[in-house]
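Shared between the two complexes below is subunit A, which has subunit B as its partner in the first and subunit C in the second.
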Partner chain A sequence: MSTQISPAGPVPAGPHPTPRLRRRNPQRPAWEEPPSFLGQLGKGTALTLLVLAVLFPMWSVVVTSLASRETINDTGGMVVVPREIDLSAYFSIFSGGTITQAVWISTLVTVAGTTVSLALTVLAAYGLSRPGSVAHRGLLFLFLGTFLIFPGLVPSYLVVTGLGLKDSLWSLILPSAISVFNLVVIRAFFMNVPGELLDSARIDGAGEFRILWTIMLPLSRAVIAVVGLFYAVGYWNAYFNSVLFIDDNSKFPIQRVLQSYILAGQSPNVSGSSISLPGVTAYPPTLAVKMAVVVVTVLPAVIAYPFVQRHFTKGVITGAVKG
Partner chain B sequence: MSRTDVPAPSPADQHRSAGDGPADPRARRRRRAKRPLGARLRRDWPLLAMVAPAALLLLVFHYLPTLGNVIAFQDYNPFVGDDPLEAFLYSEWVGFGNFEVLFRDPLFWDAVRNTLTITAFQLVFFFPLPIFLAILLNSVLSGRIRGFVQSVVYLPHFFSWVLVITFFVQMFGGAGLLAQEMRQAGLEPWNIMTNPDTFIILVTAESVWKDVGWGAIVFLAALSAIDQNLYEAAAADGAGRWRRLWHITLPGLRPVIVLLLILRLGDALSVGFEQFILQRDAVGRQAAEVLDTFVYHNAIATQQWGQGAAAGLFKAVIGLILIVAANKMAHKLGEQGVYSRS
Partner chain C sequence: MTPSQPGASTDRRTVLRLIGLGAAATMGGSTLAGCSKEVGSQGSATQADAIKAVLPTYKAADLLPPDIPGEGPIPSGYLKYPTELVDAVTEQPGRSGQQVRAISPWWGPTPPANDRNEYMQAINAKLGVEMVVSVQDGNTYADKLNAMLGARDVPDLLCVPNWEVDKIARFSDATKALFEDLTDYLQGDKAAAYPYLAALPTGSWEYCVWGGRLYAAPFPTDGPFAWTLFHRKDLIDKAGYGTPTTIEELYEFGKKATNANQGVWAFGTVFDMVQQFYGCNQTWRKKADGGLEHKYETAEFTAALEFTARLFAEGMVHPDTVASKGADEKQLFSAGKILMYQDGMGAWQGMQGEQAKVTPGFNMQPLPFFGVNGKDAIVWGSEKPVFYTFVKKDLGKERVEELLRVMNWCAAPFGSREFELREYGVEGKHFTRAADHSPIPTDQFRKEFAGQVNSLGGRPPIKIRSGDTPNYAQEYIDFHKKFIGLREPELFAGIKLELPANWSKVLQPTDDKIRDILRGRRPLTDMDQVTKEFLSTGGEEGRAFHEKALSDNGR
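== the complex of A and B ==
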């Protein structure tokens, strides 16, 4: 089996290579016995439950975030059946205050971090994609060694604070900027690009940077998109590094704020005291505000997800399974 | 990215050295090695320049702290110098003193025990689930349904731990949906989010919810690589559904299962940091203190730097031994393992 990515782009990840056989059902191979009714029923039930287990909590959170005070009082908490759409919770969290700021901070860290990570990872992956170049083996071991050797929490903390990064947003970016896993995925892709392409570019006088920019990057757009998503999700979701390095609560990222409202049980202090939009209750219910924060935290992942989903399989198995 | 995603170090190199086409690197390497270093440097400096920034970051934020573990042998005091380096130079060396204190601390052993219990529990109740899911998904003939289910079950992998635990709190917590319904039905609501006795089930359920779909990807890929003719031949010989599963599907998945098992064993002392630090206070130290949270609470929160580093170093060394040992075992069993023998 070969799990190499072909440079022409990701191959569709269908797990069913359909055998070329005469078929009764266009999708069922001829030798396979027809399924039993009970088997079908069991399978259907299992898959339905699985999908519901993921979607139901999300549904309930969204509906509650849109519920009015009366609805929440009636149901006694979380709402399952929507009665109306009341956006006051969203107005209140985006009218300035802690949550708006946290969303800004997280967006800033995510955008800056993803840019830095992606640029450095692609450069290093290309630099390491030529066996036989100067110091190639040593450098490769330097990168792969991070899988075996872990620095530990205390010395890492001391290094970051020692560099004066405490309470700087860079402390949320630089220590985790390079994921060697992602680097290996991109490198494997680069190494699979036919050598003739590079040779012909070199004959035409292109330097390494130019080859990377004009040949490698256009060929590997898909894998870079997936790696970019992994990085972005990582930055958006990071929670604990802000506990370690950020004490200034005007620099808290959204995950930290979510944690303090929901898990530590603080009340959201939204600046909603004076909003007077037409048709909007002045004080949105606390639970709706909390759930609105959850929705805002989930949203980026859910939006970005469909765009790269079809590339996952290739990206994951290149790194994880041996061909 | 979770630890289980750690890639095999060199699949690409192996493919290369198998000699695919004109870019055979062995030939190229021999040719390159003949040139003097100066000429190679002149040719390769752009490559080195490209690697440099990333390598620098790793050196500073990964390898420098690794060296920094020597403070495990010190009575490290950050206040004897202006910066950590100076403090390190002026701190007193205590040999294995920190380890002695640590190993006499019953709380440390509680944390070790909790960690190993949770690892063992998840090995039994979490590890096989992605395999089942992959086999189940693989048996669904309709591509539409399969694609839809896959999209849905992969999604929670992209949620942060804060979010995952929030969802569980809103569903099963004291003020959650379940408790609410039970109260309305006149029952005594139970709150599994703060119950130390069922904590191990709770964390496993959270891990399953977050990662079962994602874990299945690798197995789905391995399933699609199994030769379909084997199934046909077996069916012709009269093997039923279950025999085919046992004699073809499972052996086909074996290399991947062994690989992931090794990675999990090598990582036996980590059970997911954020998940536990987020719930430790709700559930209590007794059930929820694992090695990583122990290091945090006994080092950074209480400023016992030397002891914290000692606990971290203990964990790193055991982890390294475990992964090397597990890999050796895999080679003995005739599997490829994480890295090759060479």
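== the complex of A and C ==
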């Protein structure tokens, strides 16, 4: 090659025009230079604002959940400035049993679901990542086809009830057990593992399961952690499947109960008139109770996140950036 | 319309159509609620005569004569809680030992299941059969309903709110395919076997007829008015603003009461009430030539729109209401951040009782209706039942009779032990008694009660004085008696309408456009254009449909 290509692009020959921006080395791209003070200030402000935009609502939710009824009444809604710590909302939600039960159900579904999903996704991804496996191209297209064609509400309902899964916690796991997006991410990661490694294992007499277990999985810890987190958060937040498939109130997951608390007492929005509705509870939970349920719902994700965070960057860019 | 023969309709085509009914649902969950009506549905109307023929014979079941007798759709009032209750049902309704599965909507926290719910355990002991009621969130009921109907998977008893029925295309096909025809059990004097079902007002039974047959039991409304303008009488009296009695005074009140610096605004949502003050009909009114005129085409509506837009423009409406559909106006009103807002009458008792504990002197009252320009106000409303309860098809005669006995138990009127158990639970656990003997609910009641069996059999509508809202029953009934004369005549009373799809589809987008006009995002002059669009994309079709329904019934 005759022209030298720097990461910043081709460097023109001949004398340079005086650069307007202060650069120590004009051959280096801008992002390798130490940032200017103004640049840092701008970035810092923008990031602070972003963080505040996320933290402020959460702060308000927590403070409201700890506020007394009088404080909430004085502010007329969400509380921002804490005046006291009143735990009565938390005592109230945990004394009834419904929330505790729902947290338990959601935990169970999340743990079992994430395990099942990871196992299925990893197995499928491994099979589809090996060029020689049976019908892997056709199978991959079938998987990808689900991106385009959604099975539909009634057919899904018929399949789940037909399998006798209605009112079973499996109905919250099996219909969403494999996310094709996650499958593609793991497959891309597996494909990047050098074939020589696997060949050497084969020469040593390892079978496919052994290769998967002792070579692939340890190498893919980052992506599996991230996909596991995706699945876990997905199961924890899942709501709609339970509306369809779970009638038994003792098997409601936490999101379903959360929704019933948040919307409690609101008359349905019926075009043109409001209904004098006997079904609307005359005793909606207080705002503090509603927010306490929100806190309970959000907390596990907040706690789990830092543990997975170190794998996050590496795992997420897999498949997005190649080479 | 020719009434179809019951039973002859479970053919393949009906099944396919029913699945088609769910097909709209394949778009995904969140888009379902408003658009489950099948494209191309032309709607249908059942004639009033066909309906009259199948209704149960009404027989009042006042175990206790009311202190304030109701008139027409106005509920009866009781000012004392009886010290002696009677047994309304002497024979246990449940005999088969078979579980009864039911699904019922609820707008409140999920209750514990039967094994940890003493309220349901007490009810089941009385019923002699285990009721397993799945309490479903009322706000997402449409999604659940679409899946269930599409998959033909319904419980023994299914309670459906009237507005959900209105959204489902060709619901009469669904009733024939999935639900038991109750005509032979309840028609005429046969209803005497279920005395408390026979005591439900005939006006509400009329709506339970599909294709000329009786398919459901109603839960009659106890509030025949669609909207009420609530005001904080305590705060308004204290500030000396005076209760507005004319539209000008309402405007002046808005000027005086709004104080944004102190975080107080005069109004939340009020537009539906302003329309009524201006004498606007809810939808249609009859013209002199017999044709129908939609409210958007009337001068009254334009005037109401102008007035309300002015309230918005001059900053008298709370910013939350301006900003969003879902402003928590109840919370703002309770906190005194808004002084007036419109809501259903159903909001009154609960809020008054709860807030009186936190805010001494809390007093919310409905603003008396007044007319504009020398004309009377028109009060919107309907006798349409709030819920319908359907019985699953093909369960066999004995089982259907058992389920009807259960529904009869659930409809037991005031003055009976059954009523007390159903509405308040068990004494000592779910309620304590005030000095006047009336029940005061405990925390356990609030946790365990979710209207599980309340909507399954209806009840004769009544209002009872209670300890925490001592004036409520009297004020409620007085208000209704005072203004019932202004109620707009129900043009379509007794005619069962299944509306054309294009008509149902155009309502919400038009509402949204009007919201924009009110908030000043579009000029007032745009209303003509909005009306034109409304009429051309479904409004005219709706007009033709409604006019035909009237002329078919000789009205």
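Everything below uses one rule, namely that the second predicted complex is superposed on the first by the 222 of 323 C-alpha atoms of A that agree within 3 Å, B and C clash if a C-alpha of one lies under 4 Å from a C-alpha of the other, contacts with A are read in each partner's own complex, and residues count from 1 in each chain.
Everything that follows uses one rule, which is that a residue touches a chain if its C-beta (ideal position, glycine included) is under 8 Å from a C-beta of that chain, and two chains touch if they have at least 3 such contacts.
Computed from a prediction, not measured in an experiment: that's the story for all the values here.
A.B. asks: Looking at the overlay, what does A:A46 touch: subunit B (first), subunit C (second), both, or neither?
C.D. replies: Touch partner of A:A46: subunit B, not subunit C.
A.B. asks: Just checking: does A:Q309 make contact with subunit B only, subunit C only, both, or neither of them? Give me first, second, both or neither.
C.D. replies: After superposition on chain A, A:Q309 lies in contact with subunit B alone.
A.B. asks: Of subunit B and subunit C, which one touches more residues of subunit A?
C.D. replies: Ranking subunit B and subunit C by residues of subunit A touched puts B first.
A.B. asks: Quick one: is A:D248 in contact with subunit B, with subunit C, with both, or with neither? Answer first, second, both or neither.
C.D. replies: Touch partner of A:D248: subunit C, not subunit B.
A.B. asks: Can A:T161 be said to touch subunit B (first), subunit C (second), both, or neither?
C.D. replies: After superposing on A, A:T161 lies in contact with both subunit B and subunit C.
A.B. asks: Determine, under the contact definition given at the top, whether A:L144 touches first (subunit B), second (subunit C), both, or neither.
C.D. replies: After superposition on chain A, A:L144 lies in contact with subunit B alone.
A.B. asks: Report, in rising order, the residues of subunit A that make contact with subunit B in one complex and with subunit C in the other.
C.D. replies: Shared contact residues on subunit A (touching subunit B in one complex, subunit C in the other): 75-77, 150, 152-155, 157-158, 161, 240, 243-244, 259, 263-264.
A.B. asks: Which of the residues in subunit A come into contact with subunit B in the complex?
C.D. replies: Residues in contact with subunit B: 1-4, 13-17, 19, 21, 25, 27-29, 31-33, 43, 46-47, 50-51, 53-55, 57-58, 60-61, 64, 75-78, 80, 120-121, 123-124, 126-128, 130-135, 139, 142-144, 146-163, 174-185, 187-188, 191-192, 194-196, 207-209, 212, 230, 233-234, 236-240, 243-244, 255, 258-259, 262-264, 291, 294, 297-298, 301-302, 305-306, 309, 312-313, 316-323.
A.B. asks: Tell me, which parts of subunit C touch subunit A in their complex?
C.D. replies: Subunit C reaches subunit A through residues 19, 22-23, 25-26, 28-29, 32, 101, 103-113, 115-116, 132, 134-140, 143-144, 146-148, 150-151, 153, 155, 161, 163, 219, 221-223, 225-227, 263, 272, 282-283, 325, 328, 330-332, 334-337, 342-347, 349-350, 353-354, 358-359, 380, 382, 386-387, 441, 443, 446-447, 450-451, 454-455, 507-508, 511.
A.B. asks: Report the residues of subunit A in contact with subunit C in the complex, numbered from low to high.
C.D. replies: Subunit A residues touching subunit C: 69-70, 72-77, 92, 95-98, 101-102, 150, 152-155, 157-158, 161, 166, 240, 243-244, 247-250, 252, 256-257, 259-261, 263-285, 287.
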